[in-house]
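Naming follows writing order (A, B, C and D), and every chain is counted from residue 1.
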Amino acid sequence: MANKSILVVGGGISGLTAALEAAEVGHEVYIVEKNPYLGGKVTQINQYFPKLCPPNCGLEINFQRIRKNPRINFFTMAEVESISGQEGNFDVTVKLNPRFVNENCTGCGKCTEACPAERANAFNYGLDKTKAVYLPHEFAFPMKYVIDARACKGAECGKCAQVCEYNAIDLNMEPKTINLNVGAIVWATGWDPYDANKLSYYGFGRYDNVITNVMMERMAALNGPTKGKIVRPTDGKEIKSVAFIQCAGSRDENHLKACSSVCCLASLKHATYVREQYPDAEICIYYIDIRARGKYEDFFTKVQEEANITLIKGKAGEVKEDPSTKKLVVIAEDQVAQEVVEKKFDLVVLATGMAPTTAAAKVPAEMAYDEDGFLVSGANTPGIYAAGCVKNPLDVASAVRDATATALKAIQSTVRGQQ
Amino acid sequence: MEKKIAVYICTGCGIGDALDVDALSNVALKEYKADICKTDAFLCGKDGVAVIKNDIENEGVNTVVVAGCSSRVNADVFNFGPNVIVERANLREQVIWCHPADDEDTQMLAEDYIRMALVKQKNMNLPEPYQVENLSKTIMVVGGGFTGLTAALESAKAGYRTVLVEKEDKLGGYVGKMYKQVPLKPPFTDLEENCIPGLVKAVEEAGVKVYTSATIAKTAGGPGMFDVTINQNGGTVEERVGAIVLATGARPYDASKLAHLGFGQYENVITQSAFEEMVAAGNMEAGKVAFIQCAGSRDQEHLPYCSAACCVESIKQALYVKEKNPEANVYVYYKDIRSNGQYEHFYKKAQQAGVIFIKGDVTAITESDGQLAIEADDKTMGTTSEADEFDLVVLANGMVPTAAFGEMIEEEAEEEAAAAADEPKVVGPTIIKSNMLNLEYRQGPELPELKYGFPDSHYICFPYETRRTGIYAAGVVRAPMDMLSAMEDAAGAALKAVQCVEATAKGEAVHPRSGDMSFPEFNMNRCTQCKRCTEECPFGAINEDEKANPLPNPTRCRRCGTCMGACPERIISFKNYSVPMIGNMVKAIEVPEELDEKPRILVFACENDAMPALDMAGINRLQYNPWVRIIPVRCLGSLNLVWINDAMAKGFDGVLLMGCKHGDDYQCHFMKGSELAEIRLSKISETLNRLGLESERVRATTVNIMDYDKIPAMLDEFAEELEELGPNPMKDFQ
Amino acid sequence: MKYSFYPGCSMEATAQANLKSIEAVASALDIQLEEIPDWNCCGATVVSGVVGDFIQQVMTGRNLAIAEPKGQDVVVGCSSCYLSLAVTNKRFKEDEHFRALANQALAEGGLKYDGTLRVRQFLEVVINDVGFDKVARRVKRPLKGLKVAGYVGCQTVRAIPYEFDDPEYPVLMDRLMEALGATATEFPMKARCCGSSQTIPATDIVIDCARKIFDSAAAGGAQVIVTPCPMCQLNLDAYQQRVNQLHGTSFNMPVLFFTQLMAIAFDLAPDAQALKYNIVSPYEALATYGASK
Amino acid sequence: MEQNNKPVKYDLTFAREIYSLENGSYIKQCMQCGMCAISCATREIMDYSPRQLFNLIKLGKKDEVLQANTMWHCTSCCTCKARCPRGVPLVDVMHDLKKYAIENGYADYPQAAFYKAFWSEVAGRGKVFEGGVTGRYYLIRGLDEVKKAMDMKDVGINMLKHGRLPLLPPKKVKGMGNLKKIIRKAQELQRKEAR
């Protein structure tokens, strides 16, 4: 007898969607998420294109759906260690990494006030710091604190444990392993921003005013490191000009071979962020092709009209820094003008693309991957499906569509397994 | 149900330090005669929960008020099963975290929230699900092209009886006529054989009931009970189905409108589909071919949108030419090559095959001796360029959804409109009579369009959100997309259809209030046939009889309460959400006398965006005016004007509605809720003025979830303005 | 640690200092270099422009074919030769059609190459096989306070991009200099072109490129430039005076092979330091570190 | 590029010839991003950026392409090759264009003479001797170039002084006969492949 339950690996927008859609059909679902919170990458996005609406809005609804649905079980700080068995009957071991904060946590925040240690805030891509015991972000679901073991001074400090009135801190928490038996698996571990350090000609990592598109999202976000103000990282001052460099890693045989699909629209959206804060700033987008497919074309048209941006057809070749002013020079061949142009900017944003998480960490099962490491769905092991950006570089709406479709595939596996 | 009410006040997270808990208990026990009231220092802890459970099991408690943190947290902890009503009074996020401790105003606020929670409980009942007789779990797919076949196959594979209706005599649609298809799998470089024959076979083997040469004459009923009349071969067939996938596809843009590209003028300027058929028939002999992208698309004069599929389709067709004759000269004129995602590999493949890509606007197409010449503004060459001796020029002429063809529904009868001319009115969505579903819906026979005729979802997070419950559009009828997307879309829509029939069977709502078992009930005795409910329902759930009586279809309903808010006679209510329930909550709030100089502001906040934003203000410890009392509503669309009356009569100095953004980029999860509320409000301003109440006392604002930083100013400024107006003159009349 | 060694033509003429210091440093680090017998010119980047890549790669392949029976990694001391050998080797490994054709030609000389070897640079061997720690332990006279601009140049890191270090902003040679006790300076031009073999036909290009490199090195406060590449060393050393004449600058920036600096830090004999070949005199800058004539 | 108003006309004949060169077909996959134009160490003095050159090839502008200094100014620094997002090995393509230009009589640039001199030296001795290359170069270029060389004589003298210009060439490759046979065979195979 096959198991009708479904394991979803990855609790980002794709994983959440796949899990919720399957659970709302009536299936028992387990979500395994490596972060201490659900929501994945979209929690770090300020606004979605083309509506410029906040992702937390949709997440809030999805979390409501989880709260109300007893068929959904989720594990944060968890990772799948092994998979055995076959479609309809998979045995999965899941490692639960220690949070050092137990279910007693009420989210009151006293521990953070007491904590003496700091850590770089990964949620804001290192643009600011949190205490070693921290709430991942204010919309975090579940709303429980977590301790970063690398930053924590350990039991001999123990200040957090002393102030906690609810006995919620357990500095000796050990990893645990649990076993699940499921009928189908949806792998929705998403993507990582491509490592911009590898694009040395753009100076990321050497020039602080060169940032990536995901950092731009944090900077523009009210709950980000600058409280939503877009500024020059070197001095926190207002900007007068900004360049967006498209295909920073994508469409590139040396980096990500595929097009990441979303970066053009993301940069157009970022242009609206900048324009809202700086009515007179110069905004330049360096591109090869502007890929605003389907009805997103309307957004492209609208941004061109309203945000007064300059589009330069020509991939930016290099970024140089003027060491005295920290201004950046972007050099590119403007192909319409047929000339090499050098322009100065206060801020350069690299539109880094999507590297599938499976480029670095494979599924512990027989699976196939394409040349960039994107997971091929159901190729070798029936019953294990890829959903969302681990399969194709997708925008959010498409990832949700894909995840919804994948929920059905997973359900089919549990039906097939029964026959 | 005889209610046995217990109130549990949590004193943890600083609540006990900031508030006089004994006084709170007194409100519960003395004022409201709650059966039990207990306090606990750590209510969400094991021991705290055990206390509640013990009272439920041993004391017969069936109605619980948890006064502590927000309902956004610990929902699982305070869930005591389907037979226990649980209500939360938010003393943490919305009281002590945003107001000073040990303060008279803060205490009054907390006490009011206890009162409101108790009143709310007294006025609510456990919902009983709406059950349908002769329920069908059959999935009907309309359209037998690539998307429709895929959707049908996917739902059949999930174990559901599936019916497929196709208007042509043959399945396959647009893709069926193709020579080959674009790659749908890694490495995304190779042309694939046409999948339609295999798909048709699989659909037949999966037991899908197929109707070809068939159209839908009528679709009546609602989810779980759609009664569909199918016209086929002069006769009719009836099918009862549970949910519907609309996959009627798109049509190529009318090339006769592309005379500027030589179509109609030169025989050898043809469309993408004509080329496809030519190659499929083996009649393509051309040695020199040009493809012109965006022929119609991305053009404000024609199709302002990008048709999404044409770039990869033209790359494919260019490869046909190269496959047949590697020496052939093939040119593609483009604005931007949109080979998104892994289709980048496909683009490169075509380049490697020797296809020449020219970024340029075609400025002229001419013909001499049967051969065509193209002049273009060649962008990367920095000059005007020419190429000639083309045997064929293929126009990538984009797509128009089948849902866009037909007459638009006219607005309501003229006289009615005239009569109500001075009343602002919400403009309903556009519905085009495209003759596909012929829904027996009061609001029109097809899915409402979003834009350009595509009946798409407006939500990024919820692409299958539909304004006609149980009917999901998929493929290129929904939005411009390529085959890979359409394939996924078909399965996604099939899932939603399956989900809808399952939820309907249980009497549950589907998204966004999935799982909600409540539904609106109508006290028809008092109905005045005003049609507000039938007009305003965002989901077309309510039909009308000839006498304009509303005929609710609960399985279409999404439980937003818009009908309840619209009804001037207040005849519509849910078991756990009603006009009196909220009205009594308003009345339960203590409004101090004028001399006390403690004004009161009532806030109706949308529970989807405004309530979380208010919580966030608390989490960030943002301090705001303690005069406000916040009542969450399902949607501002459910706002009934009588509540404003109640508030004014009670002596509130002002009322603020916090709803979602409306307009083109609306955020309301029920489409028009906040907009409707504002319109309703505008209708009473005159009345208010007449009563000597300044209409500025009642206003609406939009709040999104990330506006929490603006909330203190929003409330404080409103309070200041109210102070300038002075106290509500009705205050001491009560 | 035993390797086959391909010196390349320049080691016998303009870059004798390279050969001498490599040999001495290798022996100080227990690296055995066995010269490939009767090696021939790799064709550099020039021959392909006259007769095409195939001929050039076949010629280069002859060296690999001779070395193959020993099975040892082939170490190259010249960046340009490394480019030829590494790219050719990659082609032998990856392109079957090429391998078959090239072996047809090699057969004329009784040779065959199956593509089994690894081609490496001396710099990379020092870094990866010896390691910074062992190098640091071998240092006798730390180059404390010496500010070094690590000029990696082009082909060292771009022959096979990412194989060894970042192709445009390499850092490993800087780390090596630090292991010697020196300070690596900020040097944005560290991997930009010196003009290469344009020396003879278009000297202007070299002068122009060299000027930019000196500017950048000077701005970072460097006292000396080190490089692994004979062509770079020659252009920057021999044309420095010319740059000064034409641009009115006054650069006095000794340009050394990194192995020369290692020889100094290892306190090896003057012959191993091979400083006499340097045109811009390094003695003054290096006097305190024991640079000897 | 063309300044008159007449549109330039696409003719793929020349492009096909170039595509047939050893690395020529890579040109086809250029997506006109312009990365190469920025990468080049000598871009300021190039007639056309590599991207523009590829465009001209596509257009069929044989004279413009073969008379261009672009490939001759290439220093083989490999920056463009390392960066090209489409994986076009530009340095190798430049080799082909140089070879093609020489073979088709478009070899007026001094670099062409240097290249030929270098090759003669290698083909004759199996190794390169800078003195030999220089001598051969001036033989090809003639007296004017020698005059220019005299301007540089201080450079040469300095090199001599520091023992970096041996007057006698190093020994030839011992197996020169075999090497020549190998090269002859390779040339034969190369011709066959091109067909």
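Here is the rule we go by: contacts are C-beta pairs under 8 Å (C-beta built on N, C-alpha and C of every residue); 3 or more make two chains touch, one makes a residue touch a chain.
For each chain, UniProt lists the protein as follows: B = Quinone-modifying oxidoreductase subunit QmoB; C = Heterodisulfide reductase subunit B; D = Quinone-modifying oxidoreductase subunit QmoC.
The structure displayed is predicted, hence computed values, not measured ones.
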| item | value |
| --- | --- |
| Pair joined by the larger number of C-beta contacts - B-D, C-D | C-D |
| Centre-most chain, if every chain is reduced to its averaged C-alpha atoms | A |
| Maximum centroid distance from subunit C, chain identifier (CA atoms) | B |
| Distance from the mean Cα position of subunit C to that of subunit B, given in whole angstrom | 64 |
| Separation of mean Cα positions, subunit D and subunit C [Å, integer] | 22 |
| Interchain centroid distance [CA atoms averaged], subunit A/subunit D, Å | 47 |
| Sequence positions of subunit B contacting 2 or more other chains | 337, 359, 380, 382 |
| Shared interface positions of subunit A, touching two or more other chains | 201, 251, 254, 335, 338 |
| Contacts with 2+ other chains: residues of subunit C | 161, 167-168 |
| Contacting chain pairs - touch in the sense defined above | A-B, A-C, A-D, B-D, C-D |
| Parts of subunit A lying in touch with subunit D, wherever the complex brings them together | 201, 247, 251-255, 288, 314-318, 331-333, 335, 338, 340 |
| Partner subunit A, residues of subunit D touching it in the complex | 1, 31-35, 37-39, 43, 49, 51-52, 82-87 |
| Contact footprint of subunit B on subunit A as seen in their complex | 13, 21, 24-26, 46, 48, 51-63, 65, 67-70, 104, 106-108, 138-139, 142-143, 165-166, 221-223, 251, 257-261, 289-298, 301, 313, 335-338, 368, 370-372, 374, 376, 392-394, 396-398, 400-402, 404-409, 411-412, 415-416 |
| Touching residues on subunit B, where the partner in the complex is subunit A | 12-14, 41-42, 44-45, 69, 72-73, 75-76, 79, 154-155, 157-159, 185-188, 297-298, 304-308, 336-345, 359, 379-380, 382, 451-452, 454, 456, 458-464, 479-481, 484-485, 488-492, 494-496, 498-499, 502-503, 510-512, 514-515, 608-609, 612, 616, 619-620, 661, 665, 667, 669, 704-706, 708-709 |
| Sites on subunit C touched by subunit A in the complex | 161-162, 166-169, 188 |
